[in-house]
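What follows is chain A paired twice: with chain B in the first complex and chain C in the second.
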Partner chain A sequence: MATRRVRRSGLTMPVVTKRFVDNAWRRGCDYINLDLEDFVPQHLKAYARSLIKEAIPNVSQGGAEVYTRINHDYALADLEAIVWPGLSRVNYPKAEYGSEIRRLDEIITRLERERGMRPGTVEIGANIETAVGVANGYEIASASPRVQDFGGASGYDMSRDLGVEMFVGFDQFVYGKGELELIARTLGIEVRGAPFVANTTGSVSDGDHAFRQAEAARKCGFRLGGGLNPAVVEPQNRGFTPSEEDVRDAHWVLEQYRQLAGSGETWRQVNGRIIDRYEADRARDTLEWAELCAEHNHAKAEAVARVQVAMSQASA
Partner chain B sequence: MSTKIRRSWLLVPMSKADCLAQARQAHADVVVLDLVEFVTEEDKPAAREQVRTAINALQGCGAEVFTQVDLELLYADLHACVWPGLTGVVISRLESPAQVVEADTLLSQLENARGILPGTLAIVAALETAKGNHAAYDISRASQRLSGLTLGRADLIMDLRPEPSGEIHLMPYFMQRLITVAHATGVMPIGAWWRAPDRGLFATPDNTYQAAQRGRAIGFQGSLCILGNQVEPLNRGFTPAVEELQAAQHILAAYQAGTAQGAAAVKQGDRIIDRGTAAQAQHLVVLAEACAVREQEKAEALSHPPLAIP
Partner chain C sequence: MLIRRSNLMVPITTPRFVSRAWRHNADAITLDLEDSVLDTRKTEARALVEEAIGQVGQGAAEVFVRVNKPVVHADIEASVWPGLQGIMLPGVETADEVAVAAELLTVMERQRGLVVGSLQLIILLESALGVWNIRSIITASPRVTQVGLDESDLACNLGISPLPEYDPYVYARGRLAIEATAAKVQPVGMLYPLGTQPRLLATAEIHTMANDARNLGMKGVICPHPSWVEPVNRAFTPTADLVAYNKRVRAVFAEAVASGTAAVPLDGRMIDVPVDEWAKVIIAMDEACARRDAEKQAALKRLR
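Moving on, here comes the complex of A and B:
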């Protein structure tokens, strides 16, 4: 499997709101998701599309990847306008059939060729937001190698489609999320999911909640974050990154595991904890991820520094 | 139909002589001689050679004997395991119906070669990967030998970790899916509802009992375990408690009295006892009796000296 990309935090923003777009590089997130869909009013759809090409280099200056969320109903027109160098992902809302994804793949393939982008650069995020999407999950997720992570079946659209309430103190999407996670794991692609942490207020800027959610997700093995408000970026980056204590603990587990070699035992208990190959795998995973996060933080910090130098030279 | 009572499935590492010696006295309904999870790669060849002796040594102790075999080493493991006295095999990490068919064919050949009644050896599919769970329904229908489905150590093999709620991630979904498929295909759902800090079938006796009780409540009928001290909690947790049995008997008595007078349903306290309620009570009474019979069988077996098998 390819090295996991670091996508702990991301902001989805309407591409028509200039101050969001112009400040995006300062936000410290791992990706920016430029929206053409629900945050863009109907009369601005065409105008919004025309902004993407220039927004890509702008929002990525701070080291963030760039995604675009297109409209389900205008997918073809949107794609023509947005597939340009620097774009790493197209998010496709309300995916319901494998044929839709195959069609997107064909068009993206052509645009990559015409515009000098390496084949396969642009991923497809197949957003499952309807019951039909859940029922056809396997054919959707397996329709294109551009679908590299899969999951969901939660959120406002799903709630509306199923007629369930959005902010309740229990997990209302057990079945749909389980189905999609099983499909992702069966296909060997990254799981887009998270353990349930109650959010009964619907707040999008609660940093404490964002941190708890991110930390619980990481401890459960998940890596993908994202949100709508800059206040959750830092908490998500922090929550999805192994703490120093987690790293120390992982080293300790591996040290204990090494002592099993040659003993004829497959597991042992140390300080009440079981040490076996599964624990060792988890520890290695933690260390690898901690290193990727550190590298990525470093790369982003350097990118931001370059922008600041360029700006001060320009104003001098 | 008489349901097999297989509440506790004690995994015993084939490489551990002391564990094997204790297995006779463990009071497990099933002893599973393990060649997969608890035997190191280096020890596997030697462990395989010991299986026949171990099967013989367990005869007459009252437990059924299964072995747990490795899908990737299926040929060697089955050749080592299939001897008279074996009831069946747990196949770890099963992922497709084709693999079940392959195992079925191998078992048939070995039954023939080794004087075992054809078609008698059972297969329990351990669905411990995503592929296996995805294909559960087809796997469960792939052979007449298929007699049980379990998630085995899926939590470790699929790296499913505890959530803040204490549930092990994805397990509530996986358990219900497996139980539904098992009942749809007429095989036994084997497992327990483990919660953090339980991991990989390992838990304290108390937690094991809780997991068995919760497991029985959602349709499991027995579970694998690793330690001797988990056997009694599993047997107890999967057996109706005395109060449950008494309540069921009262329900049945009330229902029978009512139907004898031509009523379809009767009132007992605040409850309405209809056909469904009575059928459930009847099932519980039958289960409790079968468990008692099984306990007696095991007690009698252990009171006799081990049979010497040449």
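Moving on, here comes the complex of A and C:
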């Protein structure tokens, strides 16, 4: 796997709502997902498509990556309108068959060539939102190298397909999430996963819940976040980033592990904790991730500063 | 939309259970030739089916017969009569078993003057092999309308004595819900541990567990006792509150679309297309349940 991308937070927004799009760069998220699908009314689909090309540079000014969620049923027309330099990912909803992904891959490959983009730039997010999608998970995830993370099997579409209510206080999606995680790990791609953290209100702006969910996800080895309301961006960035204490602890574990070298032992116990190769690997992973998060925060802060300077110069 | 919330199991060799079965308001009644009938009485039991179908069906319940896997031919032959909705096939492990039963139904439908292809199959999975092969099993015939786990027999097959506080079927039930939904077959079942320990519980507890089962994807419950029927029917019927909320969702969403967005907040949640689609399902399900209940009430009225 290439270097892990930092995608702790992201806002999905209807591209037709101008004030969301114009303010997107200020939100501090790692990516912006411009929606053509469920947030856009049917009669505005064509108009929505026409907005993407200009929206890409607009929403990415603050250092966020740009995704677009296309419509399952008009994938072709949507792709023609959205694959432009600056787009890093196409999210394809309700993926159910490997053949769908192969078709998207072919079209994206052609558009990248026609529009002077480096081949393979645009990822495909294969969103699993139905039982058929879970059942065919392996063929979907392995259909294209553009699928670089995989997961889902929860949310409103999934709940409708299974006929279950959302927010019932237990995990209705545990099997599907488990299946998709195994598939992702088998293929060596990133897992788009979320451990169960009870949420009975369904609020999309609850920062406390977003933080707890993100922190739990990070501790289960997941790195990918995203949401709908600006209020969850900062809590997700924080929850997915190792805390100072986590970083201190990782350094301590590595120090203990170094002392093990040359002792002839493969593990030792310090203050009731086991120190071994596994723990050392985990500590290294934490430090690497903390480093990537810090670099990414820095890059975003610089981008935001550049925009602000440009804006003050323009108004002066 | 198939509404089969409760399916009451009735041992066919106990006349008082058979004669009273229609009074319990179950959506379906399954006459059992299998586990509740002694081996020595199987032949006698078969001879009772034809009459019992008419008897248990008088309240407009759909009527099924659960057959014995080793003598599936003889049992199906004894069960296919007018008024039968289908066969409950236990212990299925391979698609071939389904294909054999389906062919046999075709033969018997012709012989007894029923519409060919009209009889349905309810599949019970009772072994690891059955759970593993679920996809090929439930897609082996378009007759399959429901599939469930027989949790007691599954425990036996797995060699476990399940403890009530640890659900050993999280994977099996999850696989059931996903694969059945993917195949457009209804998954049925009760929340653990009631499936393995069908004790007599207070109605409120049965209702809570059936409601949770619905929220794991189940579409109905096979009821081992008449006391389950009422709380199960209630759990699988949308409540008035839920219907009212979803009507509000539809109205708010329609307004939003008219004003140019398909994402609109409601009580802290975000309403978009899938939420509106789900609201349609709830409202349609409420109407379908009401129609089913009206059918049953009309039948009872005729009886009086």
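Here, the second predicted complex is superposed on the first by the 316 of 316 C-alpha atoms of A that agree within 3 Å, B and C clash if a C-alpha of one lies under 4 Å from a C-alpha of the other, contacts with A are read in each partner's own complex, and residues count from 1 in each chain.
By definition in this document, a contact is a pair of C-beta atoms (placed from the backbone, for glycine too) under 8 Å apart; a residue touches a chain by one contact, two chains touch by 3 or more.
Every value quoted in this text rests on a predicted model; they were computed, and no experiment measured them.
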{"item": "Contacts of A:F39 with chain B and chain C, given as first, second, both or neither", "value": "second"}
{"item": "Chain B versus chain C as contact partner of A:E181, first or second or both or neither", "value": "first"}
{"item": "Which of chain B and chain C A:K219 touches, first, second, both or neither", "value": "first"}
{"item": "Touched partner set for A:F196, first chain B, second chain C, both or neither", "value": "first"}
{"item": "Partner touching more residues of chain A, whether chain B or chain C", "value": "C"}
{"item": "Touching partner for A:A126 - first (chain B), second (chain C), both, neither", "value": "neither"}
{"item": "Contacts of A:I52 with chain B and chain C, given as first, second, both or neither", "value": "neither"}
{"item": "Which of chain B and chain C A:A283 touches, first, second, both or neither", "value": "neither"}
{"item": "Shared chain A contacts, counted only where both chain B and chain C touch the same residue", "value": "174-175, 178-179"}
{"item": "In the complex with chain A, residue positions of chain C that touch it", "value": "135, 170-171, 173-175, 177-182, 212, 214-217, 219, 256-257, 260-263, 265, 268-270, 272-275, 277-278, 281"}
{"item": "Footprint of chain A on chain B - complex, ascending", "value": "13, 15, 37-40, 42-43, 129-131, 133-134, 156-165, 169-170, 172-174, 177, 199-200, 202"}
{"item": "Chain A - residues contacting chain C, complex", "value": "13-14, 16-17, 35, 37-42, 44, 130-132, 134-135, 155-157, 159-165, 168, 170, 172, 174-176, 178-179, 201-206, 228-229"}
{"item": "Complex contacts: residues of chain A adjacent to chain B", "value": "174-175, 177-179, 181-183, 185-186, 195-197, 212, 216, 219-221, 264-267, 274, 276, 278, 281-282, 285"}
